[in-house]
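One chain, subunit A, appears in both complexes that follow, with subunit B as partner in the first and subunit C in the second.
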Partner chain A sequence: MIDHETIGLLLKGINNVTWQSIVMLGVSFVLMYLAIVKDYEPLLLLPIAAGCMLANLPLSPLIADDGMLKLLYNLGVTNELYPLLVFVGIGALTDFGPLLENPRLILIGAAGQFGIFLTLILALLIGFTPNEAASIGIIGAIDGPTSIYVSGLLAPHMLGPITVAAYSYMSLVPIILPPIMKLLTTQKERQIHMAYSSRKISARTRIMFPIVVTVLVGTLVPFATPLIGMLMLGNLMKESGAVERLTKASAAEIANTVTLFLGLAIGSTMVGTDFLKPSTLAILVLGIIAFAVDAGAGILFAKVLNWISGGKVNPLVGAAGISAFPMAARVVQRVAQEEDFENFLLMHAMGANAAGQVASVVAGGVVLALMGAGG
Partner chain B sequence: MENLAWGLQMTVLGMGLVFALLALLWALLMLVLYLDKEPKPPMSAHESHAEAERIAAVADDAIGAQVPEPPTVNGMPADLVAAILVATMKHKLTLRRQAAPIMRTYWPGSQLFASRWVAAGRARQNYTWQPRGR
Partner chain C sequence: MRRYKLDISDREFVVDVQEIAADRFAVVVGDESYEVTLSSDENLGEATITPGFQAGAAPRVIAVNTAARVTQVPAPAAAATAPAPRKPAAGGGKGTLTAPMPGVILEVSVKPGDQIERGQQVAVLDAMKMHNVIGAPRAGTVAEVYVTDGESVDHGDAIFKYMED
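Here is the complex of A and B:
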């Protein structure tokens, strides 16, 4: 005969369903929809969604102390291994040539980090602690690995919402950027053509670039060494051409494996009881503010450059000063061509975008240095 | 208020440091480029765009750089497949209309498009064998 205890055991799963777990399953389905149907950052959003779903099933053994998702989290999130390995892959796929052709664009990348600090102030005013505020502000870097790295060190309990916000907003660059660009520029400014550099970047310079950046940034902001070191290691392997197998592996196999582990581990932190708080909503809202302010600051700074240069800089290029490479640059080109089909800004925008990539890492290191963490 | 003051201090310090660092990097890069100067023939806007597209295409593979990709069918762009399909259907319809008997007005016949056989017959009927002037 089946006794009450057996029935209780059989119904244990159903009995432990909570409203939070149901809501979080819904959230995971929305993320799956965005990844599969809308094609928004599928490589990361799908594993995150799967991790979220698996972690929110009743009594999920996967997030127990010896559960697979917990092991993946301890393996590479707590010690920041995953974001750094992803950075090696990004470095191996990034060509800094457009930035080297026009190095002054690096200042646009600096301006494009203003949102980080403004959001930090807003988050402090709302009531977040300084460490939490800095972690939320770093969403403004529009750089997934940097956001994970910084928030993992400063506020690990907020890693889930910050990562989801960072990657979701990155995938929404083509939707979020154009209205900001049109709002802050006039039609005449959007039609400005920019001249092209006649500078040839030698292989020697391309190889020296990652070394110079690593030594300079690593010496002046040691907190940024892990981030900039890995990004530039990937780029050095690519530009040297000496380790093609390692470059390919970093950009494909290693990056893909790490992304799967990272996504599942981050998704596993989205447990309903911890995730469904007003602070999560605040993080999502502050994240988009950080993004908008970054883009706006970049455009306004490019306007200043335009004024100084006597009308030779198209302010739209400033919007590419964020880190979402090369998506932001493509959006700039698209908006410029809507005004003038013969306006080719892509190379300049790519320069500003590559600058944003470096600047976001530097900003991440500066935030860690100011908060006194991560060294 | 204390928080605001601290936040403002962080902003000024943080942005100042980011700008200073990147300005220094800019100066260093200029020095490297000056020492390793290689002139290049001027590039047209179109050439520059094509080069930038090539660079962007490589970076598109990076995680965190995925944009919604255009749909494909067996590796071919979906709009191209659709265009081929429409053209094939059109061609098939035209062949059917041309091959249909004259009296068949229902599908796939047509009163507007006579078959090749009928058209040839009509042409023969309209041709007079009588020499002109008789």
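Here is the complex of A and C:
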């Protein structure tokens, strides 16, 4: 016998479709398109899109209590485990050699974090709470794991849009960065050659670097200890050469597994009723402002260095002071070579970029300290 | 590790070099192993190679086994019969294009005798996992190419040389 109740039970899924869930399914399809067809950070955007799709299907058991996506979220997002494990992998892949060859580049990395604080103020003016504003500002560093770490502690309800913004803009670095670079520099400045000093960095220096940075940063900015500690742990394993298996596992197997878990968990937070709010749009807009100001501050600071050094610093290198390692440095090299095919800024840009990676982590710690949160 | 096969006065030597630190190398010549400390690495441009050429300190060799082993390597008979080094020292000289940064040569696009234009692609250098096109600094004819596909180069290593005009 089929009565109304049975039909209702059978059609429960269809009856629970809401306009928000339909829109969010559309969003997940767009993210999938960007990941698969456009190749925008597919390693993270595809799992995010899948998580978003699975979470927005009607009555999705995956995000119910004990649902798989919920479990993945509780396993490593709320307690910051995933971004920290990703950082071990990034550390194992980052070559700080170019920075050690030219240590003054650390200043450019520091300048590249200015946009974080300007955007923070801007977000406060619009009406975000201080914790939310700080999380939005961090997008400017174009450092995905730091964004997730900081917003996970300060504004977990905004994790979805902030992560999507951070990773989308990271993939758009080759498109967003060049116009900013060209706007703020003259053709003459872009043609400045920088002598490359092939100073050999000893193995001992390379091994000491992650240890010294961890102790130094950890003491100065305790909130940054988890991030810098994991980044430098990965780098120490790489440079020591003593634990090749662990280095390889951190950079490949662990990082890949965590990226899958992280993406699915973040995607599952993008549920229609929470995501489709004006604040999401505001986050995306403020995020790109933060990005542009960060890059601009780096370039302007490099201009100051150029002036002080008597014309020896190409201001384009400043644009690599944002994080987004190593993509930002490659964009710098490409733009410089467009002007003059004999100009090779890559090693300098890589140094500034590695500095930006460290600086964005420190900036994350400073922001957490300012907000009096974290642990 | 790099393996060099040298023919010196019709005797073949196989030399394996492993970099331990920037200035320390483990070197195996035939069956003998040495620990070598590089005390000087000079670019002498296009200075002519002759026996007894004096330019700073010679590399210090510390034999792991016995110092006497070093003398096993016979000195080249005379400058006339000794093979000239194929590759100029780092830095090259006038008319030589050098690598702008360390990396691996992915592709060599020219060969000796080629007429090239300024800006024409000479080689592709993979540095920091980025493919960099190396362009010719001026128009001319290629005299000699010093690199091959897959060869790793250091900053300042010669890539090719122009024909003298």
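Everything that follows uses one rule, which is that the second predicted complex is superposed on the first by the 374 of 375 C-alpha atoms of A that agree within 3 Å, B and C clash if a C-alpha of one lies under 4 Å from a C-alpha of the other, contacts with A are read in each partner's own complex, and residues count from 1 in each chain.
We take it that contacts are C-beta pairs under 8 Å (C-beta built on N, C-alpha and C of every residue); 3 or more make two chains touch, one makes a residue touch a chain.
Nothing here was measured: the structure is a model prediction, and the numbers come from that model.
Undergrad: With the two structures overlaid on subunit A, would subunit B and subunit C clash, or do they fit side by side?
TA: clash
Undergrad: I'd like to know which partner A:150 touches here: subunit B for first, subunit C for second, both or neither.
TA: A:150 contacts neither subunit B nor subunit C.
Undergrad: According to the stated criteria, A:55 is in contact with first (subunit B), second (subunit C), both, or neither; which is it?
TA: neither
Undergrad: Answer with first, second, both or neither: which of subunit B and subunit C does A:341 touch in the superposed model?
TA: Only subunit C; A:341 stays clear of subunit B.
Undergrad: Should A:202 be classified as contacting the first partner (subunit B), the second (subunit C), both, or neither?
TA: Both: A:202 reaches subunit B and subunit C.
Undergrad: Looking at the overlay, what does A:181 touch: subunit B (first), subunit C (second), both, or neither?
TA: In the superposed model, A:181 contacts neither subunit B nor subunit C.
Undergrad: Between subunit B and subunit C, pick out the one touching the greater number of residues of subunit A.
TA: B
Undergrad: Is A:270 touching anything from subunit B or subunit C once the two structures are fitted on A? First, second, both or neither.
TA: neither
Undergrad: Which of the two partners, first being subunit B and second being subunit C, lies in contact with A:227: first, second, both, or neither?
TA: A:227 contacts neither subunit B nor subunit C.
Undergrad: After superposition on the shared chain, which partner residues are touched by A:320: those of subunit B (first), subunit C (second), both, or neither?
TA: neither
Undergrad: Could you list which residues of subunit A make contact with subunit B in one structure and with subunit C in the other?
TA: 95, 98, 196, 198, 200-202, 204, 326, 329-330, 333, 342, 344, 346-347, 350
Undergrad: For a test of understanding, state which residues of subunit A touch subunit B in their complex under the given definition.
TA: Its residues touching subunit B are 38-44, 86, 89-90, 93-95, 97-98, 100, 103-104, 106-107, 109-111, 113-114, 116-118, 120-121, 124-125, 130, 133-134, 143-145, 167, 170-171, 174, 193, 196-202, 204-205, 208-209, 212-213, 216-217, 220-221, 251-252, 255-256, 259, 324-327, 329-330, 333, 342, 344, 346-347, 349-350, 355, 358-359, 362-363, 366-367, 369-370.
Undergrad: Enumerate the contact residues on subunit C facing subunit A in the complex.
TA: 20-23, 100-102, 119, 127-130, 132-133, 135, 137, 154-156
Undergrad: Can you tell me which positions in subunit A touch subunit C when the two form their complex?
TA: 95, 98, 196, 198, 200-204, 326, 329-330, 333, 337, 341-342, 344, 346-347, 350
Undergrad: Where on subunit B is subunit A touching in the complex?
TA: Within the complex, subunit B touches subunit A at residues 3-4, 6-8, 10-11, 13-15, 17-19, 21-26, 28-30, 32-33, 36-46, 48-49, 51-53, 55-56, 58-69.
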